[in-house]
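The data blocks that follow each hold one structure.
Each of the next two complexes has chain A plus one other chain: chain B in the first, chain C in the second.
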Partner chain A sequence: MGWLIDLLPLNYSDAVVAIGAALLGIAAGALGVFAVLRQRSLVGDALAHAALPGVCVAFLATGAKDATTLLVGAALAGLVGALLMVGIERTSRVRPDAAIGVVLSSFFSLGIVLLTHIASTNDANQAGLDTYLFGQAAGLLERDLDVMAVLAVVALAVVALAFRPLKTTLFDPAFAGAVGLPVRLLEIFMTMLLVVAVVIGLRTVGAILMVAMLVVPAVAARQLCNRLSLLIPLAALIGAAVGVAGALIAARAEVPTGPVIVLVGFAVVLATVLLAPGRGVLWRGRKLARDRRRALVEGVLVDLETTIHAGPPPTPRELALASGRPRRQVARALSALDRAGMLARDGERIHLTESGAAAAHAVLERRDLWSAWLEHGWKLRLPDAREPDPTDLRASLGDDCADELRRLALAGDGGGAAGDAGQGAR
Partner chain B sequence: MSAHQDGGPPTAGRGAGDRAPALEIRRMTVSYGARPVLWDVDASFPAGRLSAIVGPNGAGKSTLLKAALGLIPADAGQTLVEGRPVGAARDRVAYVPQRDAVDWDFPITVREVVEMGRYAPTGWFRRVPRRDAALVDDCLERVGMGDFRGRQIGQLSGGQRQRVFIARALAQQAPLLLMDEPFSGVDARTEASILELLAALRDEGRSIVVVHHDLGTVRGAFDHALLLNVRAVAEGPVAEVVTRETLARAYGAGADAVGRDAGEALSWAG
Partner chain C sequence: MSDDLTIILTAGLVATAAGLLGPFLVLRRVALMSDAVSHAVLPGIVAVYLLFETRAPLPVIVGAAVFAVVCVIGIDLLRSTRLVASDAAIALVFPALFALGVLGVTEFASGAHLDLDATIYGEIAFAPFDVWAFGSVEVARSIVLLGAVVLANATLVALLWKELKATTFDPEFSRTIGISPTLLSRLLLIAVAVTAVTAFESVGAILVVTMLIVPAAAAYLLCDRLLAMIAVTLGIGWLSAVLGHTVALRADASIAGSMGLVAACCFVLALVLSPKYGLLARALQRRRRRREVRAALAEAHAAR
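Let's look at the complex of A and B:
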């Protein structure tokens, strides 16, 4: 890793921190996708908490404080926790969320008890262990980076190699089983991947907040892309960015690394959840508002057209009364129509301009087409899976179908009118 | 891969008589805990025919398919596909799970789902060859989803989702199709056009077994039926199976209405 440290325009300790955080972000981001898409995010949380007693036991057993030994302990404890969760779920009637809760809290409690015990009995040697709670990127050594890098590369290479079986199992386990994939094994394997991610990140982020590094990048990336093969690299990238930014800020401010990384991650998630094109809350809110507005304006336009058809041009007030809409809404719609050049005013009274009348007829035609679809659609034998879009039937079904529908509607009108008359008489 | 690498559907025009049953289930028994869900079920679905598995909600129809494929452990029972144990004939079966079995917000496109049908035949670790890519496109066209290949699956309607699943099964090029409730939550127009597609596939020589809940269309559209309610109540040609008497035995009380007019028998459908 020496060459990379030299390459970065940072001083030595910052470079080590940045590389460590980037490795953590890449691994946790990419592998966390397998927890989030299985809707098992909290399994990652439980695994991270379960790793803590492993670190303590490794320290008690070997007396060593070097990260690699302690992380072996973390990995083993994580594995035990994972198997326990699977075991509880399979052999008893405990639901997955409850199994997760049991494992998480009991392992973590054991970890805290052991930590306290170590603190009260051992020499100054123990001082480093509590960094495994909240994370401490500043303590990373160059040789820790080598271990992290090897783990990350191996895990990602395996994911790339087994991408199709993993994707198939994630998306549709029943299908995966039917084509002969070992679904159970693959699911356990995905949990193992999470253990690897936890081991890589534990020292930097800490047991309590590690789950954020697994979940945040996947959630943010999901807002931005629709394909698993892009989602995984994107999550890795977001993870790396969040990790590096958080770790460097934390090192400057001398606060634990975990919370800072998580706060940075939260900002990223918030931004993507709000702003992501197509999926973002604001984006969808704006579309909803636009659609509602359009429906209102079109409704008022048609009301106006029918009122004019039946009698003298109305005042806005009369129009509101006739259409049964609140006056404020009518006023808003009228001003929109006015701006579009569809209204002509004659004192208080309103007419439609030529373009206004054309627009009203277009709306009416679309509505007629939609009713024709509801009534006669089943007679059309659509050659493919086209689905009607109520706001624009012609575009969604094609001109042929739209014309055919009009023909059917006209042909059926005689019967329809007779039916109406019959009802009227009754 | 086994010797059936080519895996195409058998040639059309042969009767059922000279072929082993497409799917044979023997003494299938499954229980969840102490509760038996399937009990000594025997069934034999003829090759080259369109067969229905019918029965009330909770009758064990989905369980029967899953147990037959070995997706859930059975207490006892045996499954033969074209006379061979199912484990040795995985490439001869295409399974279409119930639609709600997957997360439709999953980040995957229509085309990728269909491509999934080629993974097992071409090998899980090999590139998808060009002729397979063409086959995937053909399958999409066949179900009328050609214009939707780049869509994320969450943007599809229920009927379109079902078509994607069928396209994936077609891409597997297996002679036996097992489908779980393909018509639930699908409008009548889509149901009719999917039924038509299934009939066309049958006429090409494929064997199709469909879990179905609409007795009204079973009579018109299917050749063979298994009436299931924990036990196999009746099995055989549709006209013999869907009778007032057998329906009463499968559906119990309230089945009188069912028997009177199978076409209106929707009251029990889920």
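Let's look at the complex of A and C:
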């Protein structure tokens, strides 16, 4: 990893932290997708708590506060906890969230009891055992980077090699079992990888950061794409970007790295949830407002056309009365039509200009076509079974089908069928 | 009042306050809300310390409660966009709030004694030493506070029983009959936040988290009716309080930890022995069914 550290235009310790955060982000991003899509987002939290009894047992067994021993103890306890979690979920009616909660609180309670036991039987040697697991990113060593690099490579390699079975198991475990995939083995294996990632993350960046690192990339990436094969690389990328950005900001502002990474990640998730194209809250809100506005303007245009057709040109007030719409809405739509050059005013009274009349006729024709589709659509021989776009039937069906529909509608009316004098005849 | 009785009563009150809300959390699949709250209160405690330079219990409870409510409402808002599943929403909001708190501690309060353990983890063993005097009667503060919370929760659940039940089991239906699932969910979560914060201060976070999840999850394995589930939850909660205290005394271990372990044992027993949903019952049922099928097959074979 030395060459990479030299390559970055940062001082040594900042470079180490940034690379570490990036590697952890890649691994956690790729593995987190599987946890998040199975509604086990908080598995990281549970594993972090489950590690405590593991550390205690390892200490009791060896009597030494050796880093590797304690880490192995934490990993083993985390694995047992994770398998119990999966087991409870699989064999009983308890849902994932409650299963995670039960494992989390049971293991942590056990850890506390063991801690008090150690405190009452051992000497001062045990001090700091409970905080042992909660690390600091600033304390990362170059040696840790190698471990994390291996983890990231293994995680990506496993996901890439076993992509199809993993995907099948993820979305349809019953089917995966039926076609002979080793569902349980895959699940155990993925859980093991997750445990290793969490334990490494715990030691280096802290428990709470690890929870966020698993979830943030997956959720942010999920807003941006719909395919698992894109989701995983995108999540790894977002994880790395969030890690590096957080580490750099923290180094610049001289504050702890972990919390800054979490806050950067949260900001990224908020941004994607609000702005994601096609899905984001603001995006949907803007589209809804636009659609409503268009529907209003078209409706008022048609009302105006029919009123003019029936009698003298109305005032805005008469138009509002005739169409049963609130006056303010009518005024808003009229000013929009005015701006588009579709209205001609004669004192208070309103006419349609030529372009306005054309637009009104276009809307009416679209409506007629839609009624015809609802009534006669089943008679058409369409090349595919898709539902057409109701806002623009002609474009989505093609001119031939649209003309055919019109013919059918006219024939239906000409035949004097009793019930269809409504929409279609206007 | 003797110290042991105070401790048991405190734990029992926590079990009652949590047991009234826990079943709803488990049924609504947001059991981990309590764990989220236990971490999310940190910025509130830090803010109170920064603004008022105090670690007195009441201001701390208020500050923590504000952020607990921010946490649950934030999670609920994120959930209601329908873009993020509830478990992911929980896992996003509480680390962010906790991170804010950690930054606050390291930036502004590092000189003070405000380390992460001491702030949110009260210790149930100290409950008897902190008393409020009412005239000549001295009552432990934790009992007064938790008693009030139990009363509030019981009132909430009793008054909104029908509404809570409807929104828990069928939110769409309750919306059509004019009960807002969003409003009920927020009310419930605010109650959880207030309960958790009050209880953290007197008994420590892990016991509260345990009492909110484990007894309710065990009861879920034993019952099919909501009222029965709440009753069983309360029973398991009190059993854990009493037995856990005894175990802790015998083994000279952490009281909160022992109570949590007893609750966990209850869950395991329910998981294995539940008459309807237990592993044992289901294994027996599977075996009986297999035997029946085999007998039927043999009969059909013989008849041919």
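Criterion: the second predicted complex is superposed on the first by the 342 of 426 C-alpha atoms of A that agree within 3 Å, B and C clash if a C-alpha of one lies under 4 Å from a C-alpha of the other, contacts with A are read in each partner's own complex, and residues count from 1 in each chain.
Here is the rule we go by: contacts are C-beta pairs under 8 Å (C-beta built on N, C-alpha and C of every residue); 3 or more make two chains touch, one makes a residue touch a chain.
Since the structure is predicted, the reported quantities are computational estimates derived from the model, not experimental observations.
Colleague: With both complexes overlaid on chain A, does A:39 touch chain B (first), chain C (second), both or neither?
Modeller: A:39 sits against chain B and chain C alike.
Colleague: Could you look at A:97 and tell me whether it touches chain B, chain C, both or neither (first, second, both, neither)?
Modeller: The answer is second: A:97 touches chain C but not chain B.
Colleague: Touching A:203, do we find chain B (first), chain C (second), both, or neither?
Modeller: Touch status of A:203: no partner.
Colleague: With both complexes superposed on chain A, which partner does A:262 reach: first (chain B), second (chain C), both or neither?
Modeller: Touch partner of A:262: chain C, not chain B.
Colleague: Of the two partners chain B and chain C, indicate the one touching more residues belonging to chain A.
Modeller: Ranking chain B and chain C by residues of chain A touched puts C first.
Colleague: For chain A, which residues belong to both interfaces, chain B and chain C?
Modeller: 39, 222
Colleague: For chain A, which residues count as touching chain B in their complex?
Modeller: Those in contact with chain B are residues 37, 39, 161-162, 164-165, 167-168, 170-172, 174-175, 177-181, 222, 225-228, 231, 377-378, 381-387.
Colleague: Using the touch definition from the top, list the residues of chain A that touch chain C in their complex.
Modeller: Touching chain C from chain A are residues 36, 39-42, 44-45, 88, 91-102, 104-106, 108-113, 115-117, 120, 131, 208-209, 211-212, 214-216, 218-219, 222-223, 255-256, 258-260, 262-263, 265-266, 269, 273, 276, 279-281.
Colleague: Mind pulling up the chain B residues that touch chain A in the complex?
Modeller: 66, 69-71, 90, 93-95, 97, 101-103, 106-109, 112-113, 116, 119-120, 124-125, 143-148, 152, 157, 159-160, 163, 168, 172, 188-190, 193
Colleague: Where on chain C is chain A touching in the complex?
Modeller: Answer in residue numbers: 26, 29-32, 34-35, 39, 78, 81, 83-88, 90-96, 98-100, 102-103, 106-107, 117, 206, 209-210, 213-214, 216-217, 220-221, 251-254, 256-261, 263-264, 267, 271, 277, 279, 282.
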